[in-house]
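Across the two complexes that follow, subunit A remains constant while its partner is subunit B and subsequently subunit C.
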Partner chain A sequence: MPRPGFVLEVDRSTPPILTWHGEGFRLERLPPERSRVIYAPEPVAALDDPDQAIQDALLAPLGDSPPLPDLLRAGMRLTIAFDDISLPLPPMQRPDNRQRVIEAVLEMAASAGVDDVVLICALALHRRMTEAELRHAIGDRVYDSFAPHGLLLQHDAEDPDGLVHLGQTDKGEDVEINKRAAESDLIVYVNINLVAMDGGHKSVATGLASYRSLRHHHNVKTMRHSRSFMDQHNSELHTSNWRMGRLIAASGVKVFQIETTLNNDAFPKPMAFLQKREWEWSGRDRAAYIATTKGLGRTPPKLARSIFQSIKAPHAMTGVFAGEVEAVHAATTDAVYAQQLVSVEGQTDVAVFGLPHICPYNVNSIMNPILVMCMGLGYLFNLYRGKPIVRQGGVAILSHPTPWAFHPVHHPSYIDFFEEVLSETTDPIEIEKTYEERFATDEWYRHLYRTSHAYHGVHPFYMWYWGAHALEHLGDVIIVGGEPAAVRRLGFSPASTLTDALEMASDTVGRHPTISHFHCPPIMLADVS
Partner chain B sequence: MRALQVERSLPRFAAARVASAWRAGAGGKVGPLRLADVDPPDLPGADWVRLRPRLSGICGSDLATVDGRSSQWFRPIVTFPFVPGHEIVADTEEGSRVVVEPVLGCAVRGIDPPCNACASGHGHRCERLTGGHLAPGLQTGFCAEVGGGWSGALVAHPTQLHEVPGGWSDEAAVLIEPTACGVHGALAGPTGDDQVAVVIGAGTLGLTVIAALNRLRPDISRIIAVAKHPVQKEMATSLGATMIAAPAELRRAVRRATGSWILDNGQLTGGASLVIDCVGSTESLSDALAVAAPGATIVMVGMPGHISTDLTPLWQREIRLAGAYAYGPEPMAGGRHSFAVAIDLVAQAGLERLLSATYTLDRHSEAIAHAASAGRRGAVKVAFDLRTEKRR
Partner chain C sequence: MSERPLPGAGPPEKRLPVTMERIRSGATPARRVAGRLLKPPPSPFPYTSPTWPDSVPRPPAPRELGVDYDTDWARRYPARVARLLLTELVAKPMVAVLADPHVAGEDRIAHLDGPVVFAANHASHIDTPLLLSVLPEPWRHRTVVAGAADYFFDTKLKAAVLALSINAIPIERRRVSRTSANRAAALLQEGWSLLIFPEGGRSPDGWGQSHQPGAAWLAARTGRAIVPVHVEGTRSILPRHSGRIRPGTTHVTFGRPLQPSSGDNPRDLAAKLEAAVSALADEHDTDWWTARQRAARGTSPGLTGPSGAGTWRRTWALGAPTRRSASTRRWPKP
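== the complex of A and B ==
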């Protein structure tokens, strides 16, 4: 029986705590008697037979949906859309959930004689995936059956001929999505639900949407009113996607949603110590820690990056739910919560977040400074339900090397955002008002997004908006071990050690602040009372 | 009187080159510049006047001389030993305060009829810089016979003098000459509609060019300035630059401003229609060529020298490369002279603030070192203060 999440009160006997630091980690001692460490629950049990579970889900769907075979017939247009490279994190060992599910769906489609089938990667404004990445996600057999015939597409949110405007919600939000998907007799959406924000109506309403449509919820106002965006009952992002999803359904677009959940078994055996509580480290774990950190100390950053990017997680499928979108998502959310929720009592003055090497937007890429901000203040800060783990006016301390480095192919508009926008202002409202439209409509970014492997021109803005709620909530943000010039450009304060950072934080929160160390990854969701 | 003098000493020029390769401005210590006690220059003609400098600026071309980096081009059009200093605000013996227009053309040299250039009002393009009754010298400050600003006294021809308006400080007046150069550079490029201009360099020249573009060129809607140092960035913005870019960021900044693309070898598909190079180095001209649009004009305002760069884009994109030296009549300002335009501009744009520090002559090594590293040290213009110098 896996143990639930746990909050450790730090005392004098507490060992130093593992703190992620990009392509590496540090052991940090926390001040006793006023610090706590929040640990994720242990990985929940995997499904014994995932393929059978998928069959069962497709044949006995949730909500008012008929079984999938009943929706399939010869002569129909079928579109299978699937989640992109941004999850899971780290990428999972083969076979990926998407491969298992898509193979099962294709099997049923073939039996029903469906021959007009197109696969679409629902990447929204993310970068197009490479062939290797697609093969990893959907498997070689699926890839080889579709890609050579032009039937494996990647969604293009800027294709003037490839989008259809379905209408506006009662809040005036444009709903514009992928034309092939919208004009199909059925969309089967294949999801991996890594965090509570994923899935549901967001799959189609965001994953297959245009910029014109996305801007209605990917903006500062929505993000500031999503507290957090991981908690669907208090997330304006969720509410907006749900309005759009209902409009999509009302327009006659049929979606058969298939969501899968994973356990949080994020690191392969040799790195098992990353999943464990420090006082339970075995001799082998300690040796592995020492060997790993020593080795990394001698490794050039570029090589360390490629070593870490090659990590494939032993994530195992824990659930699969299929059928009507909302009914499916309710079941998925329960499964995600079962794996990720940790009860935490009250807030502290300071929160420490060790940032790992990876976030949703730098798979096989570089975690540039804007992504550091987004990972710390967008994702980790928002992994809460109820209240943030750090109080209003408190301090967030992030640990990451924060190099002034960008992947030139993946993140061209990020470089410009960093050089031009952040040198003028870090205020999300000002940024949105003054700069967003120009970046969003820049022809060159558009070209690179559509034809190369670049994130959309507007994407760095979204990263900044992701952190808008945290920026408003926090009194200060300090980055430990970051490149000072890059940290300052972000508008944050650089510190060389955690001790220095705590010293600096005392200007904001006094001499003896209470501290939470959010021991993530693995991913968890703090349920703060 | 005391004067800083440049002597013709090949070993000293060589030493300066070596020292300045190590640190710009270091030639001020080991180079050809000497603080000497000399007689004031004689009046070369009856109509000439004596001037007592009050402030005299240190210019990029002066630093090149002091560091032994000047081009051989100048060899026949200077005479040694000369007293540098051509950015001069001075008193006349009659008690008026003037700035000097240093070009030593036909009128000054008593050449009549004047050369074609001088006859057409373009004295800065004079073809007789070695002729007439005066020793060779392209400007005051490079001619043994007339002296220069870095001293207690010099001589000038009345046609070289512009009266300083009443109520002006010396600190503002000493910016008139460099501002006139900036005006001349800013007004050198052709006009167009809604143009994007790039100004490379944010020292005195770059900043005065920015001020001139901003106030005198309504056809230029955006000015992208290349600046390295915080004070330069602040000044460039306050004088009218709409965007500031570090040198390494320039191509991306111009791409954004002009809606261009970047090809896989880093070149832009479009670019700025006017690029003003206020540095004059291999790097700055290469950057200028990299961001100039097809059909654009690059104006070199900063004194270049030997430059090695790929001119293929100049040919393939029909880019015009134009020099802008000194001052003259400005068709774009209704034919007014650069100096007259500069006097207005210094007042309107408050360019007095570009003067960051002054030194007496005995601290010349410090002064030169400060001027050579002005940007890094948060300074723009450095000048000599001669108001306490003995005049004889």
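== the complex of A and C ==
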């Protein structure tokens, strides 16, 4: 029976706490009697037979949807869309959930005599996946059956001929999605729900949408009114996607949604200590920690990055739900909450977030300073329900090397955003008003997004907006161990150690502040009362 | 990669408070020396076990020792090969030198096939290596030894050494334990014979102790024959509570196997076993015919010595001369 999440009140007997620091980690002592550590629940049990569970879900769907075989017929146009490289984190060991589900769907399609089948990777404005990444996600059988015939596509949000405008919501939001998908008799969307924000109408309304459509919810106003992204009842991002999804359904686009959930078993056995509570570390865990940290201390950063990016998580499928979008997502959200929720009482003056090596936008890539901000203030800060774990006007302390480094292929517009925009202002409103459109419509970025493996020109803006709620909420942000020039460019304060950072934080929150250490990953969701 | 900014670019650095870390990272030699002198001792964790937070209740310790010690590894081939070498190259020569074993009654078990339960009286730690070195084939290298879970399996090192060297398995001797009984029964079913000392421990004063029903229960449950074994002479080589070994002569007598029938009560079988071992002791002290006659009349001398007698009288009786060993000193040496 996996143990639920846990909040440790730090006292003098508490051992040093593991704190992620990019491609590495540290053991940090927290001030006793005024600090607490929030630990994730242990991984919930995996499905005994995932393939059978998928069959069961497809044959007995949720909501008012008929079973999948009843929706398939010869002569129909079927589009199977699936989540991209940003999920799950770290990438899971083979077979990926998407492979299992897509193979099951294709078996049924073949039985029904469906010939016109296209697979689309729902990229939104993310970078195109490489062949190796696609093979890992959907499996070699599927890849080899569809890619050589041009039937495995990656969504192109800038293809004027490949998009269709379905109308506007009652709030004036344009809904423009992939034309092939929209004109299909059926879209089967195959999702991996790593956090509560994923899935639901967001799958199609965001994953297959264009910039014209996305800008209505990927903006500062929406982000600041999403408290948090993970709480659908208080998320403007969720509400906007739901409006769009309902418009898509009302336009006659039929979506059969398949969502899968994972447990939070994020690291393979040799790195099991990363998921344990420090006082429960065995001799083997301690030896692994010492060996890993000593080894990493002598490893060039580039090699360390390659090593960490090669980690494949032993995530296991804990649930699969299929059918009508909203009914499916309600069940999925419950399953995600069952794995991730941790009850936390009240807020503290300071929150400490150790940032790992990976976020949704640097898989097989570099965690550049903008992604450091997005990961810390966009994702980890927003992993709450109710209230943030840090009070209004409090301080967030992030721990990450924050190198002044960018992946030139994946993140070309990030480089210019960092150099041109952040050197002028870090105010999200000002950035959105003054710079967004130029980057979003830049022909070179558009070309790289469509033909190379680059994120869209506007993507760094979205990363910045992602942290807009935190920037508004917090009194100060300090990055421990970051490259000072890069940290200052972000508008934050650099500190060499956590002790220094806590002393600096006292300028904002007073002497002897209360502190929350968010022991993540593995992923969890603080349910703050 | 983008280019780095020029040195000095960006807003002026915020003045940081003076801390130990800042002193230690100071640029001047004087500061570095001061930093080294002021450097606190490194936190022992993770080089030592972590402290346990006072606010977290400790879970019950994982049960990995005692009756829960897992000995499966000791029956895999690498361990079996190591044990075979130990038995043949170390234990057997040492036993030959120290205990000079004389074995009788092997013909009584020659016809047996498959796993059996060997049940012997117990006076010394020498008993186990002695018996393992004199057990006839095919049992010698296919026998597990029932060891007291509370005595032999209380530390990982002791448990591992015994599991490897004598193929010991933990048996609960103070109370009935389903775990240990099931494990022993399963091993018998898998083809392993069992060497067990039904008295539950070494003799405290030289006389035997009443048999516990465990051996009989296992035989009755698994339907395997139970072979009574009598060992004599080991106590004088290594008595209880003594660390000194005095070489001597030992006698091992195998008795006629007791085959449990389906209706046998384990307590009755245990009584038969105890009587059989007593008869073997009598056979060793007198002769086979005398022992058989006394056994038939139910007058075999008991293993447990005179009851109701004071300590000195029990010890005195222990030294009474026998036909075969009239010259053997029985008086316990200090």
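Odds and ends about this structure:
Convention: the second predicted complex is superposed on the first by the 529 of 529 C-alpha atoms of A that agree within 3 Å, B and C clash if a C-alpha of one lies under 4 Å from a C-alpha of the other, contacts with A are read in each partner's own complex, and residues count from 1 in each chain.
The definition used in the following text is that contacts are C-beta pairs under 8 Å (C-beta built on N, C-alpha and C of every residue); 3 or more make two chains touch, one makes a residue touch a chain.
Bear in mind the structure is a predicted one, so any value in this text is a computation, not a measurement.
Contact with neither subunit B nor subunit C is seen for A:Glu437 once the two complexes are overlaid on the shared chain. Residue contacts after overlaying the shared chain place A:Asp70 against neither subunit B nor subunit C. In the superposed pair of complexes, A:His447 makes contact with subunit B only, with no contact to subunit C.
Which of subunit B and subunit C touches more residues of subunit A: that partner is C. Of the two partner chains, both subunit B and subunit C are touched by A:Ile415. Common to the subunit B and subunit C contact sets on subunit A are residues 415, 419.
Of all residues in subunit C, those touching subunit A in their complex are 1-2, 4-5, 9-11, 13-14, 16-17, 19-22, 25, 43, 45-47, 49-56.
Those residues of subunit A whose C-beta lies close enough to touch subunit B in the complex are 415-416, 419-420, 423, 438, 442-444, 447. Of all the residues in subunit B, the ones that touch subunit A in their complex are 243-246, 249, 252-253, 255-256, 259-262. Residue ranges on subunit A touching subunit C, taken from their complex, read 8-16, 27, 29, 278-281, 283, 285-286, 289-290, 404-406, 408, 415, 418-419, 484-485, 488-489, 493, 495-497, 499-500, 503-504.
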